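The letters A, B and C name the chains in turn, as written, and every chain counts its residues from 1.
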Amino acid sequence: MTAPAPDGALVRFAREVGATGPVAVEGGRTRWDTGGDPAAGTRLLRAPAGIVEHRPEEMTVRVRAGTAVDELHDELAATGQRTALPRRGGTVGGALAVGENDVCVLGRGRVRDAVLQVRYVSADGVVVTGGGPTVKNVTGYDLPRLLVGSLGTLGLLAEAILRTNPVPAVSRWFRAEGAVPFKAFDALFRPSAVLWNGCTTWVELEGHAADVEAERRALVAATAVAGGWSECDAGPVLPPYRWSLRPSELRRLHEAAPGGPGAAGGAGGPGEAGEAGGHGASIGEPSGLGELVASIGVGTVFSSRPAPPRPPSPALAALAARVKHEFDPGGRLNPGRSVDPAGSVSPR
Amino acid sequence: MRGRPVSADPLVAALCAVLGRDRVRDDAAERALLAHDASVFAGGAAGPVCFPTSTEEVRAVVRIAASHGSAVVPRGAGTGLAGGAIPLGRPVVVVTTKMNRILEVDRDDRIAWVEPGVVNLDLTKHLRPLGFHFAPDPSSQQACTIGGNVANNSGGPHCLAYGVTSQHVLALDVVLPDGEVVRLGGLDAEPPGYDLRGAFIGGEGTLGIATRIAVRITKNPPAVRTLLLAFDSIEEAATVVGRVVAAGIVPAAMEVMDRGITVAVENFVHAGYPVDAGAVLLVEVDGPEAGTALDAERIAEIGRAGGATSVRTAAGEEERALLWRGRKTAFGAVAQIAPSYYLHDTVVPRAALPQVLRAVYEIAERHGLMVVNVFHAGDGNLHPLLLFDPREPGTLARVHAAGREIVEVSLAAGGVLSGEHGVGVEKRDYMPLQFSDVDLDHQNRLRRAFDPACRANPGKVLPSGHSCADIQSLERLPAGVWA
Amino acid sequence: MTTLGLDPEELGRCVQCGLCLPSCPTFRVTGDESQSPRGRIALMRAVEHEGAPLSAPVRRSFETCVQCRGCETACPSGVPFGHLMARTREVIVQSGLSTSRPVRAGYAALGRPRLVRAAVRAAALGQRLHAVPASAGLPPLPLRQAPLRRTGSDAHLFTGCVMDACQRDVHRDTVRVLAAAGFGVEPTGDRVPCCGALHAHAGLGRAARKLAAGAVRALGDGLPVLVNSAGCGAAMKEYGRLLGSDAARELAGRVFDVSEWLAPRMANLPEVRPLDLRVAVQDPCHLRHVQRVHAATRAVLAPFVRELLELDDDGLCCGAGGSYAFFERREARAIRARKLASIARSAPDVVASANPGCSMHLAAAGVPAVHPMTLVARALGAQGGARGAQGAQGRLGS
C-alpha cells in the first residue's frame, strides 16, 4: 500500500541521472544563474514533462517537473483554477527549485505552501517520494518544503502534486500617483498585490465583483489622492533583481522617497533573537536600490541592482552543510550552485 | 516542601545548578505524570523534568543532557494525540509551560514573537483588540501551546482556507540537539538558504526545541457567516462537501459530525444541534461582506440540492460561538457515551469520503466497537473516534486492530496516515504503509542532519530500522515507576 | 496501602485531553502537570489503581488544589472533580497524613459562632494595636457589629460563620435590598452556625456532614434559603450529595444565591439613579463553576451602576479558596497576582464579588472589593435619602 510506484518516465529519468558524475537539470533557463552556474563538466538533463492528473474537485494537480508553467496554468484555467507558481516562462521544476513567489503572492499564495508531494531523483539515482497526495498531511518530515528553493542541490525534481485554487470571479488592477501605499494596504482586507515604485502605487483586487468594488471604494477613501485611482490592465514592469526585506523595512524606504530611495538594516526579532544569528532581514548598509518596485506587506523589492549577499550565521551554515551532506554526500547534484550566498542575480 | 536535598544523581544535580531546585522535578509523581500526553499510549518513562524560562536555559539543559548521555524530549501542554511528547527511555523532559510570554506584536510586519509555551487561544485573545488573530485553531486551542502546534504542524477547522501552522510561522529560534542555537527562516519576504524552518515544522520535537517563534498574525475578516446543515446520512453530508469545493468555493471551514457525536455535543452545549439528523455539516465562510453572503447562499443551495433537511444560519456572534463550542468540545463530549476513546486521524481525497466513511462504520461493527465521526470534512481529514471502556479486558487490542484497518482503508483510497496529529509513537510503525524504505531513508537523513547523535525525542516518527527508532518499545512497561 | 474509595465511573471519565489545564489557577501559575486537574486525577488513579503511595509530592499536589472547580466548567467530559477532590482530601485526613491538630481545632470553632466572633474581634483589636502584621493578609476587620433583626418570613437569609463575624454589614445591605423589593427575611443566625463548606474542603468530612445535617434540621420549613456567600451557597446546594437524604435534597433544591433569587424579581425594585461607578464583576468560582448562576449578578447589578465591566480571564480563580489563602499563602498570592493584572486591565472603580472570601482576599491586596448587594443597597439608599449602605462607603474608602 506504499504510494503508487513511480511510472516509466520517472524511472527512465532516474536512470539518466544515474549514481555518478556531476549532474543538473535545465528547465526553461529563465532563472539559470540563481545560486551560481553549475561547474564545468556538469551533465545537463531535462526532467520528464506532462500533466499527469488534474483533479479539480480535490484542487490538486500532479505534474511532471519538465512541464512549462504556462502549459500547466492553461490547462488549469479550463476548470477555473490556478496555482501559486509565478507565471513568467520556465518549467514547474525550475519554479519549485528556485522557490520564488509570484509578485501577487498575497492573492495566489506562496510556492512552498502549494507543494503537497514531491518526487525527486536522489544523488544515488533513485526516485524518492516526500509528502503526500492530499491537501492536508503531516505524515513524516516535510521533504517537499525542504526541496522547494533548494536549487536542485538536494535532489532533482521529477514530479510534484500541487495545490490548486479557484480563479476569482474578478481580478482588477488599479493605479494612482502619490498614494501612500501603506494606507492602501492597511485599508484593504485581502489585496492580491500592493506595489509601489517610489511614486506610483498599483493594487490588484480579486474576488467577487461586489467585493472588489467595495474594496476599491475603501481604497479611494483611505488614500485620498489628487489624481484619483485609475484602472489598468496589469501591474508595473518589474526590475530584474529581487531583494528580500521585512515588510516594515519598506516604510523606511518610503520615508526616504522620492529622492533617492534607501533602506536601513535592522534585523531579526527581539532581544536574544539577534544572538541566534542567521538570516536577519537586513539589507545591510543603507544603499541605493536603484530603480525599484516594492511589494507592500510582503517585503520583496524588485530592483535594478543586485542584492548584497547575506551570509548565514556559522551555526546555521553548519546545519545547512549537514543537510547538503546527508542528501548529496558526493556533491554531484548541481555542483557549484549554492542556496546560500543569496541575492538572486538573474534577469527577469 | 520544596526544600528537597540536592539529588545524588549527577544529571539532576547539574540541571539544578542551572535552573535551581524549584525548576527541576525528579520525584516519582511528576515523572509518572509526564510519561503521558492526551493519547492512549502507556509505557513512557520520564527522567528529570525541567522548566526552563529562556533560550539560554534550554540550551544549558540540552548541553547538560548531552554531556550525561541523556536524550531530551520537549513538551508543551501534553495535548498531543500521537504520543509525540511521551518520553521513551527516561530522557530529560523539557517543559515549555513557563516560557509563555508574548514578546512582541508588530503590525507592520504582521507578526508576533512568542515563546513556545504560549497557549494558542491566549495569543488570539491578546490580538483581538488589534483586529487580528492567529489562524491555526486546533480544537484543543484553549489548551495547546504554539510550540506544540509548530512541532505537530497542527491544523484546525479554519485551516481549510487559511492553511496549517507551517503557513503561519515565519521564523524560529531553535536549540539544536547539540546545544547550538539557530534562527530558521526570517521575517523578510523570501529568506535565503534551504527552508529549514519548513523542514523543522512538523518535526515533532525530534529536530530540536523551538524557543522563540515568529508567527504571522491574520486580519479578522469583516464578515463571517456560519451555516448548520442537517442531512439524513453522513454520506450525503460528505458529498455536499465535495460539491461545494467543486463549485469553486473555499469556505473558511467545513466540519461534519455524525448523529452519535451530535447528540453527545448537544447534551453538553445545548446549541440547538438537530439531534434527529443523520449528520450535520457546519460551514463557515468569511471575508468581505457581499461575497460572504453570496457564498453562504450558494452553499445553502448546494446543500438543499444535496438533500439537506434543514439549513440554519447562525443569527449572531453568540449563536456562532455556541455552534463552534459544540464542535470544539466534541471529543470530550463523547465521554457521555463511553469512558474512553481512541481518536484516529487520516486524510482521504474528498471524493473518497463517503466510501471511506462507510468502510469505517463497517470496520468498527466487525470489531464490536462503537464509532462516531467528527471531522474536518473540507480537507478530507477524518477523525473516527472508536469508543471503548478500558476496564473491559481485551478491548484495547480490538481498538488497535480496528485502527489499523481504518488506516489501511484510508491509504487504499489514496490518503495519508495523518492530517494533523502527527506520527509520534502512534503511527511510527505504520510509516512503511505509506512510504518506501528509500523514502523513509531520506526522511531519516533530514533528521540526522539536525540530530546526528539521536538526542532529540528518540523513538518517534520513524519506524524501527532507522536511526533513533530503537530506543525502547512501548510494549515494555518500565518497572518501578512508583519506586 | 491506601485507597481513596472513589467512584470508578467518575474517576474513569477523564480522557486526559488536557482541555482543563488553562482553567486551573495552580497550573496557570506553576505550569506543573502535578498542579493541574489532569495531573491530580492521574495521581488519584495511580493511588487507586496502581498502588502508588500517598507520598509527600502526591499529597502536595492534592493540597495545592484551590477546589475552585474551574476545571469542571472547562471539562467537556463532565468529570465531577470537586467530589473526587473532596473525597480524596477526606481520605488523606483520615489516614492522619494531613491537617495538623491546631488547624482542626480552628475548623471545629467555625461551628461555634461565639468563638468565631470572639476571634475576629481579637484580630480586629490586634489590627488596631498593630499587633497583627499586615503580612497576615487580613483586610481591616470590624470591632463591633450591631445584631441583625428579622424583617419578615418570605425567606431565610443564611448568615454563616466567618462572614457574619467579618462582614455583617453585607447581610445588612442584603436585608435592605430585599426589603426594598418587598421581601422580609429571617436571618438564620446561630440556628445554623456554619454550612460546613470549609470543613468539606479541608477533608473534614465528618464535621461537614454534621453541620449540614444540623442545617437541614433547622431549615425544614420549606422556605427559600437565600445565601449571599457563593461558597456557602454552593456547599448547601450540594447537601443532597453530601448527606444522601431526601430531606437534604429537598433543602438543597430551595437554596438560592441572593442574586439568583432576586434576578427574576427585579421589577419589584424601584428605579433609581445608578451609582456613578465602573464596576468590574469578579465571579467567585463557586458561583460561576459550581452554582453556575453568575449571570444573575450582572442582571441584578446592571440597573444600579454606570457601567459593568467583564474581566478578561474567563473566570479564573482569584486564589482565595476558602481557607486556601491562609494555608497556601504563596500559591494564593501567585494566583491573585493574575487576577490583579486582569482587574488592572479593565480599570474599574470597584470590583463586585459575591463571596466574602474572595473580597477579603482581594481587599488584602488593596482592591476595592464590595459585595453586589452593598452596591445595590447604596444605589437605593443614595436615592431614597435613607441611611443606606454605610458599609459600601466605608469599604470604598479603604
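Following the convention adopted for this analysis, a contact is a pair of C-beta atoms (placed from the backbone, for glycine too) under 8 Å apart; a residue touches a chain by one contact, two chains touch by 3 or more.
As the structure is a computational prediction, the values presented were derived from the model and not from experiment.
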Worksheet item: Can the chain contact pattern be summarised as a line, a ring, a star, a complete graph, or none of these (other)?
Response: line
Response to the item:
Counting contacting C-beta pairs, the top-scoring chain pair is A-B
Worksheet, complete the sentence: With centres defined as CA means, the chain nearest the overall centre is B
Worksheet entry | Centroid comparison with chain C (C-alpha atoms), farthest chain | A
Worksheet entry | Inter-centroid spacing, chain B versus chain A (mean Cα positions, whole Å) | 28
Worksheet item: Which whole number of Å gives the spacing of the CA centres of chain A and chain C?
Response: 59
Worksheet item: In angstrom, rounded to a whole number, how far apart do the mean CA points of chain B and chain C lie?
Response: 37
Worksheet entry | In the complex with chain C, residue positions of chain B that touch it | 1, 25, 27-30, 32-34, 36-38, 51, 77-79, 95, 97-98, 100, 117, 119, 121-122, 125, 140, 142-144, 268, 329-336, 339-341, 389-391, 482
Practice prompt. Going by the contact rule at the top, pick out the chain C residues touching chain B in the complex.
Written response: 8-9, 12-13, 15-22, 27, 31-34, 38-39, 42-43, 46, 50-53, 55-58, 60-61, 74-79, 312
Item to complete: Could you please specify the touching residues of chain A with respect to chain B in the complex?
Response: 1-3, 55-59, 80, 99-101, 110, 112-113, 122, 126-130, 132-143, 145-146, 148-150, 154-155, 165-166, 182, 189-190, 207-208, 210-211, 214-215, 242, 244-249, 251, 268-273, 275-281, 295, 297-300, 310, 312-313, 315-316, 318-320, 322-323, 325-327, 339-340, 342-343
Worksheet, complete the sentence: As the complex stands, chain B meets chain A at residues 54-56, 103-104, 106, 108-110, 113, 152-153, 155, 159, 163-164, 166-167, 171, 173, 176, 180-196, 198-199, 201-203, 212, 214, 219, 221-222, 242, 245-246, 248-250, 287-291, 294-295, 347-351, 376, 379-381, 408, 411-412, 414-423, 427, 431-436, 438-440, 442-443, 445-450, 452, 461-462
